[in-house]
Structures are given as C-alpha cells and as structure tokens.
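In the two assemblies presented below, subunit A is common to both, partnered first by subunit B and then by subunit C.
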Partner chain A sequence: MRSSTIGWLFLAPTLLILLVFGMLPFVYVLVIGFTDWNAFAAVATPHFNGVENYRRLVFDDQVLTALWLTLRFTIFAVVSELILGYFLAQLFMRDFPLKGLFRTLHTLPLMVAPIAVGATWRLLTVPGLGPLSYYLERWAGIEYRLNTYASQAFFTTVLMDLWHWTPLVTLTLLAGLSALPKDPFEQAQIDGANRFQIFWHITLPMLRPVILTTVFIRAMDALRTVDEVWMLTGGGPGAATRYIGLHIWRVVFPKTDYGYGAAMSLLTLYLTIVLCWLLYVALVARKRSGEDSR
Partner chain B sequence: MKGRGGKLILFLGWCVISLFTLFPIYWMFLISTKTRVELFSMPSFLPGKFHWDNYINVLTDSAFQGYMLNSVIVATSNALLVTVLALLATYALSRFKLAGKDNIFFWLITNRMAPAAVFLLPLFLLFTKVFVLGGISLFDTRTGLILLYCVFNLPFAIWLLQGIMDGIPVELDEAAMIDGASTFQVLTKIILPLAKPGLAVTAILTWVFAWNEYLFAATLTSVEARTITTGLAEFVTVTGTNWGELAAVAMLTLLPAVLFLGLVQRNIVAGLTFGAVKE
Partner chain C sequence: MQRRSIAWLAGLGSLLLAGTASAAGFWTDAAKPYAGTTIRGVSESTPPSNFVKDVLAPQFEEQTGIKVEFETTSWDQMYDKAIKDMEANTGIYDFVYIEQDIIYSYLSRDFLVDITKSLKDTPALASADFSPDKFTSFIDYFKDANGDLYGVPMEAFVKIYLYRKDLFGDPKAQEAFKAKYGYDLAPAKTHKEYQEIAEFFTQWGKDNGQELWGTTLQAHSGHPSSWYEFFESWGPTFGVYNWGINPDGWSATVAHGGSMNSDTAKAALTYWLGLLKYAPPEATASTWDEVAASFAAGRAAQGLVYGENAAWIAADDTKSGVVGKVGVALPPLAEGVQAAAESGKGYIGYYDGGAFGVPHSSKNKEAALLWLQFIGQESVQPDWAVAAPRITHTATYDDPKVQAMDAKIDGYYTLLRDSGKLFAGAPAYPFHAQVREATAPFFYQAITGELTPSDALDKMAEAAETELTNLGYRK
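Right, the complex of A and B next:
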C-alpha cells in the first residue's frame, strides 16, 4: 500500500511517550521492589534483597486491613450501583417529557473532578455546617460524626461513590437494554410469564455481557479510589477509610522506604488484576455451564 | 405505566432523582456565597443574600492565580498534544500496513487501566532522580505533567479517533494521492476537515480529564507547577476551616465539567468504559 516507514514515523511519538511514562515506571517499580532502597538509610545505595519486601508485606497488618477495607468498599459500592443503575436505566427506557434534559443532568457527576466531589460531600457532612449531620441529628436523633464513627465514615464514602458513579452504570445498562431484541419479551408475555420471570430468565441472561463489562470497569475504578476519600475523610477516623491507594500514597510515601513501597504498589496492581480476572472467569464460566446444562 | 398519567409520574420521579444529583452541587454553591457568620447558623436550603467575597478573595490571591494558570496551561497543552498525536497515530494505524498493529493498539489502550496510586512511587523517583538534564528535573514542572497526562489521555483519544478514522473512506485519500497530494497534504486537506467533530470531542474530554487530575499533580509538583485540584486539597489540610473559600474553589474546579457537559455527554460513557459500551 504505502511506505510503512511514514506510518511508523506517525506512530513514533505516541509509542515513545507511552514507553517512557507508561512502561518504564512499571519496569522500574518491578526492579525497586526487589531492593532495600531507603532514602534515609545509612547506606543510601540500593541492594538486591530478593523477596524480603514481599515477605514483610504478608505480615503487615496495616496493608492487609487496607486491602480488606478496599475490597469491602468496592463490593458495597459496585453492588448498590448495579441495583440502583438498573432501576434507573429501566426508567429511562420509557418515554416522558424532557427525557434528554434529565439524561444530561444525570451525566453531570461523571464529569466532575473527583477531588471536587470529595469537597462537595465534605460540605454536606461537616458537623454544624452540613445539612446531613444537622438533620440526621435533629430528626432521627443520630449523632453523625465522620471523624468519630468508623462505620458512618465507611458508608458515607460508599454513598459518595454512588452519587459519583451510578450514572455510568445507568447509562451502560441503558445502552445494553436498548440493544436487546423485542421478540423474546413479547413471546414471554404471550406465554404468561410474570415480571420477575421475564427479568430472571430473559433480561438478565441477555444483559450479562453488558453487566459484566460494567462490573469490571466499576470494580477497577473503585479499587483505586483515592481523591474523593482523601478529601472527605482523610482516610479516617483512624484507618477506617484508608483504602489501599490512600495507604500507599499517605503512609508509605512519606517514609521513603522505596523498596517496600514498590513491593506494595506491585502487590496492589497484581491483586487488582487477579480480582478482575477472577470476576471475569466467574461470570463467563457461569454462562458457559448454563449453556452446557441446556 | 402507559398513557399520560404514567408519563407524568415518570417526569416527577426524574425531577426528584435530579434533585438528588444536583443538591450537593447546589449546596456547595450556597456555601460559597455565604459569609463566615452565616455559615454556622441553621442550614437553609434557600439562597439568601449573595456574597461574592469568597470568589473575590480566591481569585485575587496570587498563589491561587498561579494554580489556575498552571491548570489552564497543563490541560490545554495536554489536550492539544494528545489530539495531534492521536490523529497521527490513528491515521498510521488505519492507513498503513504495520507489523503487529492490532497488538500495538491493544497495548496502547491498556495504558489507561493502570491504577495511579501504584505508579506514584516509580514516577516520583523517575521525575526527581532519573529524568534530569543538566541539573533540571521534570519534578515540579508543567512539562512533566503535560507529558505524563498523555499516559491516560492518549489511549482514550486513540480509541475515540480510531473509529472515526476507519469511518473515512480510504478511496478519498487514494484519489488525492493519484492527483499528486503528499501524505501530509492528505492529512491536512482531506482527513482533518472530515475528522473535525471527533477531534473537537477528543480535545474537550482530554482537557477535562487533565483538568480534573489530582493524584499525579499532588505527588509530582511542589510549588511551581501546582494545579487547581491540588490547591483545593490544600484548603482542607492547611487552612482547615475556611469553608466558604473552599466551596468557591471547588465551584471553580467543577465549572468546566458543567460548561462542557452538553457537548460531550454522549461520548463520556464510551470514553469511561474504554469503548466497551457504545451508545
């Protein structure tokens, strides 16, 4: 066709930037993770120390707690977003006045900077200032203090994530629902299936690829949440909302224990990939076995 | 839910849902227009007398002006750079026979999936100790951020433009080639005008993503290249209790999102799902 040299020339700057700023840090963190590099150590030159950093990680309670909290946050957030998003997507499947405008408004949180989302929620929840704390205390008699009660802080971060990301789930599920063929639904109605049967036996199986993609993307994003939570709770009270990204950034970084920090970064990356892979396999395998049994 | 009654119920339902979506932002706006004294009285959901002092204080503060300027420069330069590079890259991937280009495309896209926190440490070390030329490092420079933001913005832009580029018939550039046009002329005279809407969406969304970024900016800058998002975070840790100004800065931070919302809302979902979901 055409000289491929020109093609490579066009591609070169993109490849170069992504190699230097995308690949190199990955290789670098891999290497540092096997050293005892510590900027404040008596001997500042890094030495190879094998898997020592990884051995330490397995017994580091703070890390294990952070990982567990992150997982709990991800599960709570993604599951509630799926349920709420599905409900809202179904509402968008019908016709009503000003639908386009409502859709646009619904997209708004997706565009807002995560750090501003955190600021917004902080202003809603600060005692004495935010309406949430004021009315919960006044009407429900609940003492609402994010910097005192761990579970309140945890569920508020989940709620904030719901506000920020449910629109994404709504819109992906809406895209999936709109693409479904009409025939199976009409046939099921003729056969006298009730609403739940239609949902369970027709909508859900046909929507599975879209649900899978949505869960995958949301889970990956939720696992790396940092900005919003940092702004809302600062990881507290104590370490109650110190998710793994926050832990790496706020606890490991200031210590300049580079080798250990690198190992922890890699472990996090590895666990993220494994978790997403497991999720994928679980959902795909279930689909396969369902097909076999038929 | 058929007929008029059903539509009315749905309409009212969506009014309530939108209220939930908008309320946090509306509340922040209210806070940003109140004086310190008014803040800690009983929460009122109705706008009182508007005081613009918080905005005036923030906008006339020289440190904050620097943050704003940095954010504008970083986001704009990054958006332009990314759009141009993505145009060239997608043109190459779409029109040239390149060995292993499907693998290259896949590798380009995966760059977007990397969790930022994982790469903070290696990037910090690279920026302060390795990317140093004649005593000048990339740390705390706008150039550093502009180049780094390519890591998440380029894959997105390439994915978005690839579809558009493949949609432009090859016959058009072949006809121009026969008429003696050079590759560069084909790109500027044929491809560019046809890809314009797609390029605009790409530029706007990459601009917003760069503007919104916080974690890299917070870690890889210290004084000179701080951006508006890092400035917003500083309010909580340093000034602590000046909620009015915090709200004003937060309003300014989310302004671009609101301004560009209508233009790109159809593309943002596809963009955030790596193109897995198309509308």
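Right, the complex of A and C next:
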C-alpha cells in the first residue's frame, strides 16, 4: 500500500467527523439562510426566499445596534485582557512568595462554566441586594443599578469577561515569554537599553505571533459571547448588552425565526472572518512587507 | 349491635382495601408491557413540578415499574429544549410541560398526541380513576375545537394581590395613612389606592429605617417576564385585553383596529412604570421568581404574585420571612373592568397554569399516557395542593387538608374557587412567543426610560403588526 493511501486512511476518521459535525451543519445553515422559515408561522414549512433575509439584515436597526455593541464589547474586553494579561504574565516570570498559590487562584475562573460565571456575577450585582451594588451604594454613594443604567451594564459585562478570560491570556503570554531566547535581552541590557526600549524593540516583536493567536482566540470568543451575558442582564437594560450572539439566540430559539437567524449567523461569521483578516493584515502582513522591502 | 357495627366496619375496610388494591392493580397490569421502560420529561422548576419529581414520580415507578426521569429547569431552557425536540422529532422527551399560553402554538404545529383519542383507541391504557370531568374548567384550555384533550393539567393558579396583613393592620400605620390620604388603610380596590399605599409604605420604610418598599414589580429590563406582567396582569386591570391585538384582521395599532397603543394601554403603562419608584431596587432585575422572593423577604408591602408561590410565602418559615403576615385579595381595578369580567367580556387578571402532554415525537407514548393519567387522578391532588398551591380538580377544594392550608394562606383557595372565573388565561394565539419577542425590546426601553410609554407602545404595536405580516397571519 502506498504511503499516501495509508496517510489518507489515518486521516479518514477525522475527515469524516469534520464532514458530519462541521461541514454538513454549516451547509444546512447556509441553505436555511435563504429560506423564510418560522416554526410558528401560518405556513410553518421553509420556502426559498432568495436574498430577502440578507436584504432585511442591512436595514434591521436591532441587528446593526447589536453588531456595533458587540464590536465595542470585543475591543474593550480584548484590549483590557491583553494589557492586564501581559502584566500578570510578566509578574509570573518573577519569583515572589506564594507565587504557586496565586497562579492557581488566578487560573481558577477559567474552569468555571460561562453560565455559572453569569449566575455568580448576577448574584454579586443584583440591585440593592448583591454585595457589589449594596456596598458601592452604602460606602461610596454610587447608585449601581445594572438593570437600569446602560453604561453600567455594558462595563459590568466587560469586567465579567475580564475576570473570566484574563487568565487564559496570561497563561498564553506566559508560555510565549518563557520560550523567548535570553540572548537578545542580555545584548540589549549591555547596550544600555531601558525597560521600555526592551519591551518595544525586543519583547513585543518577538511575542507578536503569540499575541496575534491570543487576540484571534479571544476576539472570536468575545464576538460570539452569549451565556454569561444572558445570565447577567438578559441583554438589557433595554438593548444595552444585547450582543449579536444573544440577539441571534433570541431570534432563533424563543422567536423560532430559523431562516432569518441563520442569515444573521452567517453574516456574523463573515464579519468575524473579515475582522480577523484585518487584524492579521495589521499585525503580520504589513510587518512582513516592511521587512521584504528593506 | 356492637357485633353488627364491627362487621359493618370490617366490610367497609375490605371494600376500601379492595378499591385500593384494584387501583394499584390497574397500574401494575396496564403497565406490565412497559415495565422497565424509562420515560423522560421536561418542565419549569416550580413548586408543583418539584412535587411531581419528588413524590409522584417515585410512586408511579413503584406501582408500574416505569421509570420517570423528570428534568426541571428554567422557563427559557424548558421551552428551548421541548420545542427543539418536537421540531426535530428526536424523541428525547416523552412528556413535556405545556403552559396555558403555548398550547395554541403547539396545537397549530400538531406537536401533541390527542389524549382523548389515544385512550379511546387503547382501552387497556385507560384508568377508571382518570376523568377529565373531575377537573376544573381550566382543563378546557387544553382541548381542541372538538373537545379532545391534549394536555393533563398539573397546575392552575391566578396571579393574586398579596399584601402584608401585619403592616396594613398596624395601628400607627393606619393612623398615619388616614391622616395623609383621608381614608382607611385597606387592600387597594382601585389603582389610585394601590399607588397611594405604595407611596405610603415606601416612605414608612424610610422613616422607620426599614428595607421596605410599597410594591413588588416584575420589571426585569431584559427578560420577557416584565412584558407578561404588563400584558397579562396589569393591562387587564385597566381594560386592555388580549395584549391589545384584535384577532379580526390581526391588528395591534389603533389605526388598524387594535388597542396595543390605545390611550388606555398608554395610561396603564404610564401607571405601571410610575410604580417603579415605590418598588425595591431589585425590581428591574426581577422575574416571576425574584418577585416572590422579594415579597417573602419582607421587602414589599404589596404586590401581584403568581399563586403558585402563595403557599410557601405564607406558610413555609424555612423560606419565607413573612409567615402568618400575608393577606390575599383581588387586584385593584379600573372602573368597569369588574363588570366586564362578570359579563364575560373581559377579565381582571391572569389565570395561569400548565399541563403535561405527550409529543408525537415520543417513543414511549403508551407509558407516557399512563403517567399522565396517574398525575391526573383525584386521589393524588390534595397532598399536591398543600405542597404547592395549585388546584386542578373541583373536589380538591373540599379536602380537609386543603381547607386547613386555605386558612393558613388567608383563603387563597376560596378566592380561587369563587373568583377564578374572573381571571383568564392567555389569548388563543399560535404566534405567542413571536409577537412577544418582536415587541419586547421596546418594552424594555420603556422600563429604562429610553422611550416614553407612549412611544414604546406605538413602536410595539407597529412591530407586532410587522411580525404578524411576516408570519403570514396578517394580510
């Protein structure tokens, strides 16, 4: 048997799984996106309606608002996590008392299911009863009403995401920092570079692939966030935290508007790919072209 | 004489034993072909459902050998799971919870097994202890136009006006109230009284250093429960019925013959939102559960609360801080609403409840039909009604255990029996969740103040009509 045949045989189970659980559902969603199908419509069977769902999407204020909110949420959450995660990773590169314990505690949120994170934060922030809102009001005189004030709700969802996912960023950057060669840093020190110069000219460029991977992973996760926010605010107050994932969930499940929801999912997927591509161009491709032209 | 009495008692005892044995015998015999089967169900986690899970399911298993796996989860998840299962025809669930307002959607999609027909076609499965005639009229919501049954009611209750008897009866409060408003402090009969009582007790709480507010409100700013509170509980007390949708042409705007954005609806929403300043801070984060919890924690003087929670709030001191202090009454009403309800042209509030039905997708329909009849027996009802204040059978009202419980919850069961007819379930719309989802975002914006009540209702009425057009109901 030729080695390439054996190779394909080994690959076959994975390809089959990918086809059944990856490609087929995707094709199904693609097809449904071109139908008008609501489970409780007067005629509840799907029928082809061309690009009508996509035409509706472009003029749908709720979708556009949800997309804009999601983008804001993603930028705030991912940038904050990256900065905080970097500082924590640098901290863990050094030795200090109880480092092992601190690192374990810091990693714990990663192990909690998103729905439980949402529930925990909801208990913390229930207006008038949750410890956070109660003591903020009592001690600092801050009226913390998550279900009334849009900006408080928005930043609380960012904070919750920060609490949940910064450990992942820290661990990834820590792995990246640990793998960096020591020579360039020693050379830079001998040449008299200061901390910022070392960070800007050595650490950051060498860490770029790790940062890019981390940003991709976190951005994709943030763009499709649902469970935590659903549990914490339900998308409210009003539509202040109705991010696109949550909006799609409401359209597909409670509203059973499968056709429109499928189109919305595909649009979100497309925008996610475009966003990641733009990031890639900004962080890697431009750098490469700069190096090539030198 | 004594010997004759002993013989009579012995005879009666034998008859009762024989009756019990024959009842138990039916379940064992009828279930023989299905012994060892496992049936699965899903429901919202509520006191009545928890009684089914903890008490009735083990009894059924013991008598039939059919295992019941019963999942009690959140309201949203329950629908999510049940509808997906029935839509995809996967057959995960053998029985599902059908809330009164969703039955029309399920019937329109032919999701459910016709229980009447199934029992007629398979007489061996029909229990003599199960009779739809023994149920209250609430069972009618689960019948089709031919009178065939699609769900066996497992809970029925009204959304009731609860108030704190201790606060209302406090002589100092009574005196201060009369001095301020010029009439006696008593459960509100009108909206004006309700608002003034709410205002009074909010101030009373502040003055006395208590965490007490005038009213509970189910006003979550991102959960459909607030939408329901308005359209099913408060709207009708102003005379806004059937969500303001006119089935004649499926219109919602006043311009097209609906009343969702009518002056009455706008006055009702303005009033309801105005109550927010007398509600505890958690009101905008409260769904049906949190409203009950707020009241039970003693944080509100009055409120409209789902009847399923009345018993534990009034009588369970392991969960409630207001045991023995709870009074029940009918909701406050606008002029003319009571008369409209009595004449059958309107209703004063929400008659809620649900049933268990068997989906067509079930792979164990026969076993599930036995289970549904088991929970629908008259004999299991009194203990169930005591554990969770729901009554589905007329005879349950007269049971001594239920009457004892009635005294503890200030006559809630008596009120349910005598005035239940003034309340109504949700209108028979098959597009229930669809219209709610299309309009709710504007409603939430009214709660946060982003939209005025008038603008919100105008937008909601337009959105409802657009949705009804998209769904193909409105031409």
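Definition applied: the second predicted complex is superposed on the first by the 256 of 294 C-alpha atoms of A that agree within 3 Å, B and C clash if a C-alpha of one lies under 4 Å from a C-alpha of the other, contacts with A are read in each partner's own complex, and residues count from 1 in each chain.
Methods note: a residue touches a chain if its C-beta (ideal position, glycine included) is under 8 Å from a C-beta of that chain, and two chains touch if they have at least 3 such contacts.
Given the structure is predicted, the values throughout are model-derived calculations rather than measurements.
Chemist: Tell me which of subunit B and subunit C touches more residues of subunit A.
Modeler: B
Chemist: Could you look at A:141 and tell me whether it touches subunit B, subunit C, both or neither (first, second, both, neither)?
Modeler: So A:141 meets neither subunit B nor subunit C here.
Chemist: So, does A:181 touch the first partner subunit B, the second partner subunit C, both, or neither?
Modeler: neither
Chemist: Go through the superposed model and pick first if A:108 touches only subunit B, second if only subunit C, both, or neither.
Modeler: Touch status of A:108: first partner only.
Chemist: One more residue to check, A:123. First (subunit B), second (subunit C), both or neither?
Modeler: A:123 sits against subunit B, while subunit C stays out of touch.
Chemist: Check the residue A:238 against both partner chains and state whether it touches subunit B (first), subunit C (second), both, or neither.
Modeler: second
Chemist: Does the superposition put A:192 against subunit B (first), subunit C (second), both, or neither?
Modeler: The answer is neither, since A:192 touches no partner chain.
Chemist: In the overlaid three-chain picture, which partner chain does A:251 touch, first (subunit B) or second (subunit C), both, or neither?
Modeler: After superposing on A, A:251 lies in contact with subunit C but is clear of subunit B.
Chemist: Does any part of subunit A touch subunit B in one structure and subunit C in the other, and if so which residues?
Modeler: 122, 126, 128-129, 234, 253
Chemist: Sort out for me which residues of subunit C touch subunit A in the complex.
Modeler: Those residues of subunit C that touch subunit A are 76, 79-80, 83-84, 87, 105, 108-109, 211, 220-224, 280-282, 284-285, 430-434, 436-438, 441, 444-445, 447-448, 450, 470-473.
Chemist: Would you tell me which residues of subunit B are touching subunit A in their complex?
Modeler: Contact set of subunit B toward subunit A: 1, 6-8, 10-11, 13-14, 17-18, 20-22, 24-25, 27-28, 31, 39-40, 42-43, 45, 85-86, 88-89, 91-93, 95-99, 104, 108, 111, 113-126, 147-148, 150-151, 154-155, 158, 183, 208, 211-215, 219, 229, 232-233, 235-236, 243, 246-247, 249-250, 253-254, 256-258, 260-262, 265, 268-269, 272-274, 276-279.
Chemist: Show which residues of subunit A lie in contact with subunit C when the two form their complex.
Modeler: Counting only subunit A, the residues touching subunit C are 38-44, 62, 122, 126-129, 133, 145-150, 233-242, 250-251, 253-257.
Chemist: Please name which positions on subunit A make contact with subunit B in the complex.
Modeler: Touch list, subunit A to subunit B: 1-2, 4, 6-11, 13-15, 17-18, 20-22, 24-26, 28-29, 32, 88, 91, 94-99, 102-116, 119-124, 126, 128-131, 134-135, 163, 167-168, 171-172, 175-176, 210, 213-214, 217, 220, 223-224, 226-227, 230-231, 234, 244-246, 248-249, 252-253, 258, 261-262, 265-266, 268-269, 272.
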